[in-house]
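In what follows, chain A forms one complex with chain B and a second complex with chain C.
And then the complex of A and B:
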């Protein structure tokens, strides 16, 4: 069950995880991108945290929509539009429900996944964040309740699967075959996004 | 990291204020944004042209804001695309009633953020069209990847689309002029030393004392080949040949050429490089009226050079020679 409080914890957990892994994200991005992923995400989650401190929300959807706006206007790069669009669609799917069941949540994540795919014009196996979003949501689609431990495990495995992929989208694509052997930084931050959700949902239950 | 800055968080802000302070009669900063527009924006009855991207490529793009080129430039964080809200502010500020053309360099982030801004503008009833510049031949073109990167050839898109807009042309015609440049312009770069994004604090890649990288991108993206350092003439030949083979040019054709320093290559070396390029052009009997040699699209303090060539026809030549009056590009 996701309440407004859970949604807030999700976003706050995401902030903590991004800040803890900021250097790791930068290192991953320097290997196959332009090295700004950790910096940009850290700026975004800090702005989001400041916004959450100031405002109160009635529903998870309203809170996530506000978070989406911060991401869109503060992150830049490709991550801003991708996370921003995903959260925007998640929020839209959540609508004005006060609480989301696990099934509602999976529908929200499905909408978020589609947003990532559309905005990034991404397909499976191109070594992007979509390679975390897609398998997770495919794994849990149709489940009545989410086993959060398995959920976290699925996120971890999805990130690891990007190591052997040959990048076809984003700046890593310019490296061609040299991108093989590296973890995709966007996939890594997406794992943190889902880990943050799992931790928040587990606290709730 | 050694840089002449104050605080890492204030770099873009202070640079933009520094630019408007230096050129108060040309540039105006939209309050609360990272957008610089020409002082007299919006120009009624003229198509507005907006470009932008991550900072660290100065004088791109604000150096090209002014009559005959851009109406507005949006600056992102260093090497990071500006956000949609900022681009949207630029679009609103330069729309003189005939619509706005967005000139985007082909990077995933830039394309997404400008696209979202265009969606916002269209929702407010502003006509927007966009072009995506992809002149870097170092990267193979393929429909399965993000395609080729936009580099120094973008400046020629600014110039020619800007000249077309200054004639009073409609948005579709300005768009067509920009597309015609994109079709005919190719570039390729190389680097001798990397650059450091201030917030990252360490270089994006490393090169040995005797190494160079061919095909480096303007954000320090790794190139296509790392080799032992070669003389300027040989390096020029590598870049020239790769660019030339991608162009459909014959003896007697006319071209515009940009020799672009990436940030810390002395002008002396750029002229030495051009000396070699000039010989190659003469061998192929390609006529170049005047090469532009200097810094046009830099990559922070990277050492290296890029070579850009645009095949000219009468229409493009006329627009290239038309007057422009910006901080970094003056003609007529």
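And then the complex of A and C:
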């Protein structure tokens, strides 16, 4: 069950995980990207944290929509519009429900996944954050309740699967085959996004 | 305003501003807005910066957006979705400088937004050096 409080914890956990892994994200992005993923994401989650401190929300949807706007305006680059669009669609799917069941949540994540795919014109196996979003949502689609331990495990495995992929999007695509052997930074931050959700949902139960 | 306007989206504020100046010299009668860099002027693109630039020059006649690389397209599309009201905008798949030049000249003739975007996109076919 996801309440407004759970959604807030999800976003706050995400902030913590991003800040803890900021250097790791930078290192990964320096290898195949432009090296700013850690800095951009850290700036975005800190701004989001400040916004959450200031405002109160009635529903998970309203909170996540506000978080989306912070990501869009403060992160920029490719991550800003990708996370922003995903959160926007998640929020739209959540609507004005006060609480989301696990099934509702899966429908929200499905909408978020589609947003990542459409915005990034991403396909499976192109070494992007979509390679975390897609397998996770495919694994849990149709489940009545989510086994959060398995959920975290699936996110971890999905990130590891990006190592052997040949990048087809973003700056990494210019590296061609030289991108093989590196973890995709957007996939790594997406894992943190889902880990933050799992931790928040587990606290709730 | 009886002419299509242009919005230039670049990862670099200086590139967008510089191209605006260049195109303004070529055809001063076309309204051009630059949307370069992040909110703080750093390298990158930002949907809100782009949305403001579109707001600045949008007319009923329409607006053509030219962009440089990857995420500029993501943010330009998002900027248009955030607004939702500005129907008459085309994002041109074109080399930014050459396409911008073709677009500003076409727009100067009072052409439609479709024709202006098309002129920009045709710039891909233009050879700069004839090696035949």
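The rule is simple: the second predicted complex is superposed on the first by the 205 of 205 C-alpha atoms of A that agree within 3 Å, B and C clash if a C-alpha of one lies under 4 Å from a C-alpha of the other, contacts with A are read in each partner's own complex, and residues count from 1 in each chain.
We adopt the following convention: contacts are C-beta pairs under 8 Å (C-beta built on N, C-alpha and C of every residue); 3 or more make two chains touch, one makes a residue touch a chain.
All of these numbers come straight from a predicted model, not from anything done at the bench.
Novice: With everything superposed onto chain A, say whether chain B and chain C fit together or clash.
Specialist: Result for chain B and chain C: clash.
Novice: Which partner, chain B or chain C, touches the larger number of chain A residues?
Specialist: Greater contact footprint in residues on chain A: B.
Novice: Is A:178 contacted by the first partner chain B, the second partner chain C, both or neither?
Specialist: In the superposition, A:178 contacts chain B only.
Novice: Looking at A:72, would you say it contacts chain B, chain C, both, or neither? Reply first, second, both or neither.
Specialist: After superposition on chain A, A:72 lies in contact with both partners, chain B and chain C.
Novice: Per the contact definition in the header, classify A:30: touching chain B only (first), chain C only (second), both, or neither.
Specialist: first
Novice: Regarding the shared-chain residue A:120, is it in contact with chain B (first), chain C (second), both, or neither?
Specialist: Once the two structures are laid over each other on A, A:120 reaches both partners.
Novice: Thinking of the overlay built on chain A, is A:168 touched by chain B (first), by chain C (second), by both, or by neither?
Specialist: A:168: touches chain B, not chain C.
Novice: Just checking: does A:80 make contact with chain B only, chain C only, both, or neither of them? Give me first, second, both or neither.
Specialist: both
Novice: Contact-wise, after the overlay, does A:109 reach chain B, chain C, both or neither (first, second, both, neither)?
Specialist: neither
Novice: For A:200, is the partner it touches chain B (first), chain C (second), both, or none of the two (neither)?
Specialist: neither
Novice: After overlaying the two complexes on chain A, where does the chain B footprint on chain A coincide with the chain C footprint?
Specialist: 36, 40, 72-74, 76-78, 80-82, 85, 119-120, 169-171
Novice: Quick check: in the complex, which residue numbers of chain C touch chain A?
Specialist: Touching chain A from chain C are residues 38-39, 44-48, 70-71, 74-75, 77-78, 82.
Novice: Under the stated contact criterion, what part of chain B meets chain A in this complex?
Specialist: Result: residues 54, 76-85, 107-109, 112-113, 115-116, 139-140, 144-146, 149, 197, 199-200, 204-205, 217, 219-222 of chain B touch chain A.
Novice: Which stretch or stretches of chain A touch chain C in the complex?
Specialist: It comes out as residues 36, 40, 72-74, 76-78, 80-82, 84-85, 119-120, 169-171.
Novice: For chain A, which residues are in contact with chain B within the complex?
Specialist: Result: residues 26, 30, 33-36, 39-40, 43, 72-82, 85, 119-120, 168-171, 173-176, 178 of chain A touch chain B.
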